Structure formats: C-alpha cells, structure tokens
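Lettered A, B, C and D in written order, each chain numbered from 1.
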Amino acid sequence: MLKLLDGAQTLGKGWTFWSCFLIVLAAALIYPAFADSYDVGNFSYFLIWIFMALGLCLMWGYGGMLSFGQTFFFGISGYGYGVLAINMGGGSTTIAALALAVVMAMIAAGILGYFMIWGGINGIFFGIVTLSATLVLAFFLGQTAGPEWHIGPARLNGFNGMKGMDPLAVGDTYIEGSALYYVMVALIVVVYIGLRMLLNSRIGNVIVAVRENPQRAEMLGYDVRKYQLLTFVIGSALAGLSGALYTSWGQFITPSSIGLPAAAMPIVWVAFSGRSDLTATLVGSFLLLFAFQTITVYSQQMALILMGGLLLATVMLAPQGFVLGIGKLVVDRWTGHRRGDTNAVMADTARLQSDET
Amino acid sequence: MKSAYWLSTALLGVMLGTAAMVSTSRAAEPLKIGLLEDVSGDLALMGMPKLHGSELAVEEINKSGGILGRQIELIHLDPQGDNARYQEFARRLLSRDKVDVLIGGITSASREAIRPIIDRTTTPYFYTNQYEGGVCDASMISMGAIPEQQFSTLIPWMVEKFGKKVYVIAADYNFGQISAEWNRKIMKDLGGEVVGEEFIPLGISQFAQTIQNIQKAKPDWLLTINVGAAQDSFFEQAAAANLNLPMGSSIKVMLGFEHKRFKPPALNNMHATANWFEEIDTPEANDFKKRWHAKFPDETYINDMGYNAYNALYMYKALVEKAKSTKLEDLRKVIATGQACIDAPEGQVCIDPKSQHTSHRMRLISVGPQHQVTVEKDYGTIQPYWLGEIGCDLTKKNDKDQYTPSHLPNKS
Amino acid sequence: MSAELFSLFYQFADVFAFLILSAAGLAIVFGMMGVINMAHGEFIMCGAYVTVGLVRIGLPLAVAQGLAAVTAGLVGVVVEFLIVRRFYKRPLDSLLATWGLSLIVTQSMLLIVGSSITGIGTPEGSFAIGPYTFSTYRLVLFACAVAVLVGLYIVFMKTRFGVLARATMQNAEMARALGARTGRIYAISFGIGAGLAGLCGALYAPTMTLIPTMGATFVVESFVTVVVGGANVLLGTAPAAVFLAMIRMALNASYGQIIGQIGMLFAVILIIRVLPEGLSSVLVRRGR
Amino acid sequence: MALVEVKGVTKSFGGLTAVSDVDLAVSVGEVHCLIGPNGAGKSTLFKLIVGLYPPTKGTIFFDSLDITRERPSARVQRGMSIKMQAPSVFKELPVRQNIQVALQQRFSGAERDAEEERLLTLLNLASESGKLAGALSHGQQQWLEIGMALALQPRLLLLDEPTAGMSPEETFQTGELVKSFNAEGMTVLAVEHDMAFVRQVAQRVTVLHLGKTFARGSLESILEDEKVAEIYLGRTQAHGHGH
C-alpha cells in the first residue's frame, strides 16, 4: 500500500513530502473556519476544475496522449447530470445522477477511445480528432434551442444553456457552502491518492512504458491498446466528474463550456503546472485558476495578454512546467543536502525531461 | 439617586449619539453597483458602449448628489464572454462585494447563466439588452426592447411595403430561434408566407450558398437576425453578389452599427424598429449624445445597449428614491404602482408591473444607399404586453421562467 | 439547368478557395517544420488589417493586398527568429507558444486599434446566370487559390530553394551535412507560411467584418484541411480541400450550414480513422 | 518438434517484396542462426514472427498453433520474446524500471525484487540501475534489452543482431550468456553478422538471400556451400569479420 504512494512515477517522497501534504490538508480543512463564505465557495469552484486537469495530466503527461477535447467528456457528463437530475427528481437522487453522469462520460470515452486507439491514431492527430469531437458536440448542442429538443422534462435549450437541475443534495439538504467545500476537498484527496497509487502500481509502470516506447511495451507482452484505452477512460472520467460537478455547482451548463476556448483551458493549466507530475498539476492548476481570476478582477483588459505571456514564458523558460520546475529545484536541494540518494534524483530528473509525444 | 439619573441620561445620550453617527456613516457609504460587461473577447465591440453608458450615468448621478444622498460606486468585472466566468463574477459581486444592484449580461446565455444565482438572493438585477423576450422573473428588470415592440411593428410594415414573402436568416441559437418563431407567428396572422428560414451557426463567415438559396426562394424581403462579427459578413457578400433585397431586423443598425462598420452600400435598404439609435434628432437625444461624446470622444457609435445601460442607472435611481430603500421588495412595491418611470433621451420609459419589462417609444428607421438613416414611422410608446397577456403577473407570483410562443405558462 | 450547374461549381469554388487560402500557410509550416502554428489566425488578421490600412491611405486594392501579404511574411520571419526557432523538435511546445502569442496579439489589437474598423467594401462586379446573381470577386478568390497552389508547386519543385527545402523537410541533419543552411530555410519557409496567411486575410478583408478575433473564423477549417491532408502541402492539402469542399457544399446545399459544419467535422474524424497519417500518406506512397 | 514454424510467408511493401515464400522451422531447444547479406529480409522475417507486420501471404505457427493473426503482445504472452535490431529500451526511464516493467509480467512481490537484483548483476548493470536507460552506452543498452527479453522467461528468444556495436570481448560474453540460457532449455533464434558469434552459439543456420531461403543446415555444411560463400561469406570477410 504505502509503496504505491511513494513510487517512481510521482514526485515527492518520504516523510518530508507527506508532512507537507498533511499540513496543506489540515490548512484546507480548517480554512472555512477563518475565511468568509464567498472565498470558501470560490475555492470549491476552483477545485471543480482540478479533476479535469488531473485527468489530462494522466493522459498527456504519463500516457503520452494529448487530448484536445477533454471538454467533450466534461460536456457529456455535465449535460448528463442535468438531464438525469431533472428527470430523477431532486434530493439524494442527485448523487446517483452524478455517478451516472460520470459513467456516461466513461462510456463515451470507451467508444471514442476504442475508435481512435484501435485505429492507430496518435500524436497530433489524436488531438485533432478529440477536438473535432468536442466541436461537433458543441455545434450540436448549440442548435438545440427549439422546444423539440428535450429529454423528459429537461430542455437542452441550445446556446442559452440548460438549467433547472438541483444541486447535489442529501435528502432535502443541498450540499453547498462549507459542506460542498469539504466534499470537494475529500474528492480531490481521494482522486489524488488514487491516481498516485495507480501510477506507482504495475499498471502505472506500463502506462509510462507505453508513452516511452509503445512497440517495446508491446514486445514485453502488454497489449498497448488496452492500457491506452484504460488511461483514456480514467482521464475522461475525471473530466466527466468536473463536468457533472460544474453543472451541479452553477445549476447551469451551456455549449460554450464545450467549445474551442474552453477546450484549450485544461491544456494551459497542465502545461503551466508540469504535465509529467500529478502533484505539480494539482498545485499548479489551483494556483493558475486563482491567479487568473484575480488578474481578471483587477486588471481586466490585461488578463488575456498576461495569460498569453504566461504561456509563452512557460514554454520558453520552463518547458517542463513552472510548478514542476520549482518542485524539481526543491527536490534537488533537499536530496543534495542529505548526501543524495542518486537513484532517486536520477529517476526524478528522468521524468522531468521534456518528453514529446 | 440623582447620580443614577444622570448616568442613565448620559448613557442614553451616548447611545443616541452613536446611533446617529452610525446612520450618518451609513448614508455616506456609497451604493454599490455591480456591473458585468464584456469589454474583451468576441463581444467587446458591443460591450464597450455598455460600460461607457454605465460610467457616464454614474458620473452624472454622483455629480448631482448621488442617490438618496449617497454616492454610487461602480464595480465592473469583465467576464470576457465566458458563461462560467459570468457565474463566478456574479457570485463574487453578490456575496463578497455585496452590491446593492447587479446590472449587465450581454448574450441571453450570459443572462440565463446568472439569473439562477441572482434568484437566490434579494438583489435586484437589470438586464439592459433588447432580447427575444419572455423572461418572467421578479428579480429581473428588463430595460431593452422586446419582440412585441420590435417585430409587431417592423414585420407588418415590411409586408405592407414590400410584400408577403419573407426569407429569414437567423443565428442558430435561442435569440435567433425565438425571434424566428415570433416572425412565423406574426406572418401567419398577417397572411404572409415564410419562403425560407436558414439558421446559421455562430462563427460562420461565408455566405455564398445562403445567397443562392435566397435567390432560389424569391422572397420579397429578408429578415436578418444574424448575430456576431463573423455573420455580419453576410451583408458585404450579399451586396457584392448584387442580391439587392429589402431587409428588416431587430438588431441591426442601432445595436451593431453595421452601417458605420461596412462600406456603403452593404446595408442599403435595411429597416429596423428601435427605441434608440444615435441618429435620433430630438433636443433630449442631442443633449445626451453631446454629453456622451464629450466623455468618450472615440466612441464609434452610441448603440442601443449602451443607451439602455445608461437608462438602467437612472431607472434604479428613480426606484430607490421613490421607495426610499434599496431593498428589492420595496422597489417592487414602487413598480407595482405602475408609476416607475423616467424621462429618458428617447422619451418616457416606464416599467410594466406584470412583466417588469419597460415601455419604449419605437421608431422605424431605414438605411439609404449612403448609409444615411431616416425615420420612416414613429409608433409612439409601446407597452410590453405579451407576457401579461399569456399570464405572467409578477405582482402575484414569481415564475422565474422564460416563455416563448411555443412555451407558455401552465394555465392553473 | 446550366444555371444550376454553374451554381454548383460556384459554390464548390467558393468553399475550395476558402479552404485552400486559409490552409496553405498553415500546411507549409506544419508540413515543413512540424510546427503547429496557433497564431495562424493572427497572421490572417494582420494581412486583413494592413490591407484596409493601405487602401485607406489611397493605394489600389490589389497593391495593398500584395503588400499586406509581404508584411505578414516579414512579421512571420521575425516571429520565427524570436520564438518558433526554439521549438522545432517540440511540436507541442510550439503549439503552446504560438497560442500564447495569439492571445497577446488579439487582445493588444483590441486595446490599440479598437474593437472594429470600418471595412473597405468588395470590389464592384456581379453577373447573372439564370435566376442567380454572382459576385465576380468570389471567382477572383478561386483563381487566387489555384494560383497559390501553382505558385507553391513552382517554388518547391522547380527552384533551388525548393530542392533544399524539401531536403530539409525529409532529413534536416543530412541537409545540413550537405551544406544547406537549414536555419535560413526554416525562417524563409515560416515567412512564406505567414505570408500566405496574410494573403488570405488580405483577400478576404473586403468581404468580411474586421475585428481583432477575425482569424478565429478561419482557424478550425484550416486546421481540419491540413490534418486531413497530412504533412505534404501539394499532395495533401489540395486534395483534402477538394474533398472537404465537396462534402461541405453538398451538405450546405441540402441541409443547411449547421449540418454542413457538423458533417465536415465528422468526415474529418472518419478520414483520420481510416488514414491516421492523412491523405498525403496514401498519395505519396502511390506516387513512389 | 518445431517451436516456431514459418510456412510460405511473403511480405511486400508496395512494389517491394522483402520476404518471399520463406519456410523456416526452429526446433525446441536449439540455437538457430539466421544469416544473409544486408537486405536479405532477416529483420522483416523477425518482425513477421513477432507480429509487428502482418504477412501478405503464408502462415506462422507457434507450438503448432496458428498465430498469424495474433497481436504481438499475445505472441509474447505465449512465450516468445525479442531483442530488436536497434536498441529499443525505455530511454527516459531508469534502468531498474526498464527491468521492472518486463519482470512484472512473470513475477511479483519479493520474488520480483530478487529476480531484479539477479538480472541486474547478470547484466553487469547493478551499478547503473539508477541511470536513465538512454544514458547507457550502446552496448549496455543492448544488454539491457536482452535482459528485458530474458525477464519474460521466454521459451523462444529472438535476437536481432545482439552483438552489434559490442567489443569482441563483450560479444564473447554475450555468446556464453546465450549458451547458458540454451542449456537451461530456452530456444534461441538469432540474426547475426558476426560469424565468430554464430560459430560460438549456432547449432543450425538458415541463409536468407533476396527475401528467399537460400540454404540451411549445420554451420559446417553451410560454410562448405560455395554458393553461400559467394553471396555472403565473401563479403563478410571483406568486412574483416569471421574467419
């Protein structure tokens, strides 16, 4: 068990890392006691997007598959949650709606992934097919404004977006405010730990091996396609989780959450953070979402310019990602200080190399 | 005994004094106006005048002593055309900045994105665009023109002047779909014929096929409710292909100032009904335009959204001053009297108690070959009647829904 | 009947010209260097804005368009030198970098030039066949698209630069060993790509609304065409444009623009599924 | 009994026929070498056997089962394992992890750890285990790849030029290694140019020329064949290898 938490695939090991982890977690848990309710809600909102970022990190950084269409699964699950929540009635059934919506995203990922991976699509073409899929979905949903587009009482409602679904609830109590925040924190912890364990398991070993050299992996007796599909489905399920949570959070979703600018966002988060490490993606995406909102509030017209500059600076100065770059520095220092477990340093630097797909 | 008396009077005095101080400091505290307008991204073209209109009104109101003696503070956030960010920022304005009123939203989608959030608070919300109509929601006051003010005037006039056959080019989203629905309904009542309807996805910029479809269908005139910079390319391309048909619209000229952006004669023969367009030539309007251009000399055109945004603040001022309160329920009591009116540059504008939409003075304008704008007909003030007729009555119940000719309230 | 036939041809030519003109620049940059230029749309915008600016100061339209394409090309060379140069071996980073550049340029234009500028109007000229009237300028666009293809053929097949460029494309190291200055070849190729994008903007400037984000309307179509075509400009992009234009035209005519758009994207997904390397992989193999 | 059997296999790429109607049978327990000049189709034949290419015509049997349509991974699961011609390792993963990915197919837990150490020692890579595989020398990468192939404990080991880029001493060691596996019962099929190596390990030899089977038999009988000497051995001598 513990071995899976601290393996070759993930940065951050041992006592120091996990104490930091626990401190951050503890701070996150007592945060609502000190912050005003708006900030707590706002933090839950940021956390919604982290799942999609982690999923993309798994697919792109570890699996070597750059999907440009994570919003496809975000949208399927987001709309799925809406349709299910409206049709099944509110209350505790919303939790079932959430689970089913994620399952829908997984099924969609299974079908699209089978189609692409068994067809031998890779590299940039993988990105283009996923992007096309998400654009088709956005176009389709955009033209469902007419009253004939409904599933049960749920109107898809075109570009204006679908609304009227309940937020997540237990019985008659809506999960909102601090409760929602704690649910989000718990989910993040579960997903993060789960992905860490997956990546450091045998399966994770194979996932990175497939990224490095699919042919060699095949020659070691692994059916590469199955591992790629698995990675794709898990990554997409996480995008789906973000989608369903988003719909439940705002009780609203529109096709623009699926279209082109939205589709590019997760790539920015993950690229900025450092695609080859989960922790970096987690931390970086959160910081970026936070920073970008702050920039947009205080310097509106400059926001997009700053974001463009940030992207440019990332690839020119720290191609492996800013957060990861800093993390690497810290790790080097630390291990350097303590005589240096060369193996660990080597292994870490290994994964920090910019790896192209 | 005596000392106790003195003590208690002194205490009372202190308490009264503090209370007075609190109330004066409350009065000095500015009223907060939350504004959500796109000034970057695809809709910046139309969003910028909206921000300017609000800024102008705030400056004027503050100069003349504020609202109920309180200065007003404008907190503007730019959601950059992103619905998720609209929601994010609406929450921020409502629960962190605790604004007294929320104004803004550009597309219907952005309005629908923030309406559920506003509905859970007791903050009033002003939507300042002309739109497809039908929102029946007690928290929302609509300042723009709606179909019964625009289509019910424009379409009969077009039919009478040019003929009974119309071809519709509409943006493929709710605004276009619902507007087309209105057109169908009105054309049917008039005994006209819709010879073609084409819904165009947002972002499409090439129209050769559309132009030929139109020529095949041989309409007498075109209803153009295409939206966005890309789709506006239709006019240039239709002119180049010498399509040469009369056109009518509810959004062209006064909103997107296409006649200023395109080289003549692309917009020749365009007709629209509007409560505002910059070419209105009345003393009130001219005075307003002068003030606007003095503050924003680079403004290409004062569009109708910007104008409505300006009016929204004066309407809010009027409501608060009549109600002597900023609370939504008190403002709605004023609205319920039917006396919530302001003297706007177009003429008098009043809020209809049943639907909380505004009456407007509507004029039908046409665009000539040199893109000069002429007023063809003045309809006087038109009330927003449709929502009331189909059963929306916000003085009795809050539906929080949006109705269309094919989605009517359940009769109970 | 002949009117209908001509109408079909006209529609096809129109879509074809749009696809070729918007995709040619992107295809060269992608095919030659494996760089995915997300700022492609901004080069298009650059061409359009420069054209309008030059026409305003009194130059004839055609001259303005030519100068605009050259300007975009020069800007392209500068961008290559400052940014793109570092990313030849890292296609994904090139995507992110050029995308960052695209955001900066679009928003800066909005701040500097404003949200929209007045158009210059399509050159006069229309003709009628049967019940239809057509804009002559659209046929000029088609002619330009064909001319671009012919020009590329000549440049890449018949000139010394073309030989070196193709050698570099196939094996940069070998070309370098044989004395080709690959750095300069890349810069020139990127410049040609940017110049073609500028040409596209210049040609479409009279027919469109000019806003800083106008490049976005071209980008999806151009990417799709390049991807379907594969890495070879001449053997890939052109047939891909023919193919997609037929699909788009047929669906547009029968079912409207929405189905046209969705259908085209579907076709792309299917083609990539069958030919993961794009059309040119088949055509090039045949040709060998 | 033949462990792997290739019957009438042809592979064409467009107009080029790389392998034409080849028959080959490798018996259980033998070390079989495939030789022939460059372009003879040796590597193509290997790729056909492991399934990287589908044959244009013909059938491939493993353990008397028709595996012609099976995926490479399924064939590996049946008990074959290959070292490719160009070193094919996970360059950006550490050496140890390279071995682990291979080992986890057959072993787990403490057994895996023990096997891992044994292999690293056997391959002389113990001191390099933390290095990136891509940072190893060419010869070391070859060894690492052989190690990964061995970690699968295959019944049939396919070696495509296992000693390319190795010093004579390393070549000799590799040969001894192969012989020791063979002694433990592993069947080996190798493509090799280095005649010293062939001489050291081969029990039977097949000569491919221009995509066709040209000759087969014991090394001695092949060496006596004048036609073989003409097409092949002459050239190798010219390259300074062999005898």
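By definition in this document, a residue touches a chain if its C-beta (ideal position, glycine included) is under 8 Å from a C-beta of that chain, and two chains touch if they have at least 3 such contacts.
Quick caveat, the model's predicted, so the values are computed rather than measured.
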item: Shortest chain-hopping distance from chain B out to chain D; value: 2
item: Chain closest to the middle, measuring from C-alpha centroids that were averaged per chain; value: A
item: Identity of the chain that, by mean CA position, is farthest from chain B; value: D
item: Chain centre separation in whole Å, for chain B relative to chain A (CA means); value: 38
item: Euclidean distance of C-alpha centroids - chain C vs chain D, Å; value: 49
item: Inter-centroid spacing, chain C versus chain B (mean Cα positions, whole Å); value: 39
item: Whole-Å separation of chain centres (CA-atom averages), chain A against chain C; value: 33
item: Touching two or more other chains - residues of chain C; value: 107, 110, 216, 258, 261
item: Multi-partner residues of chain B (each touching 2 or more other chains); value: 40-41, 172, 199, 201
item: Residues within chain A bordering two or more other chains; value: 139, 143, 301, 304
item: Chain B residues within the chain C interface of the complex; value: 40-42, 44-45, 48, 172, 198-201, 203-206, 208-210, 212-213, 215-216, 218, 229-230, 232-233, 236-237, 239-243, 260-264, 266, 298, 300
item: Residue ranges of chain C in contact with chain B within the complex; value: 7, 10-11, 14-15, 18, 107, 110, 114-123, 125-126, 128, 131-135, 137-138, 206-209, 211, 213-214, 216-217, 249, 252-253, 256-258, 260-261
item: Sites on chain A touched by chain B in the complex; value: 36-39, 41-42, 45, 139, 142-143, 145-147, 157-161, 163, 246, 250-252, 254, 256-257, 261-262, 293, 296-297, 300-301, 303-304
item: Residues on chain B engaged by chain A in the complex (per definition of touch); value: 39-41, 76-78, 80, 82-85, 87-89, 91-92, 95-96, 107-109, 112-113, 116-117, 172-174, 176-178, 199, 201-202, 404, 406-407
item: Contacting residues of chain C [partner chain A, same complex]; value: 36, 83, 86-87, 89-94, 96-97, 99-108, 110-111, 216, 220, 223-224, 227, 258, 261-262, 265-266, 268-269, 272-274, 276-278
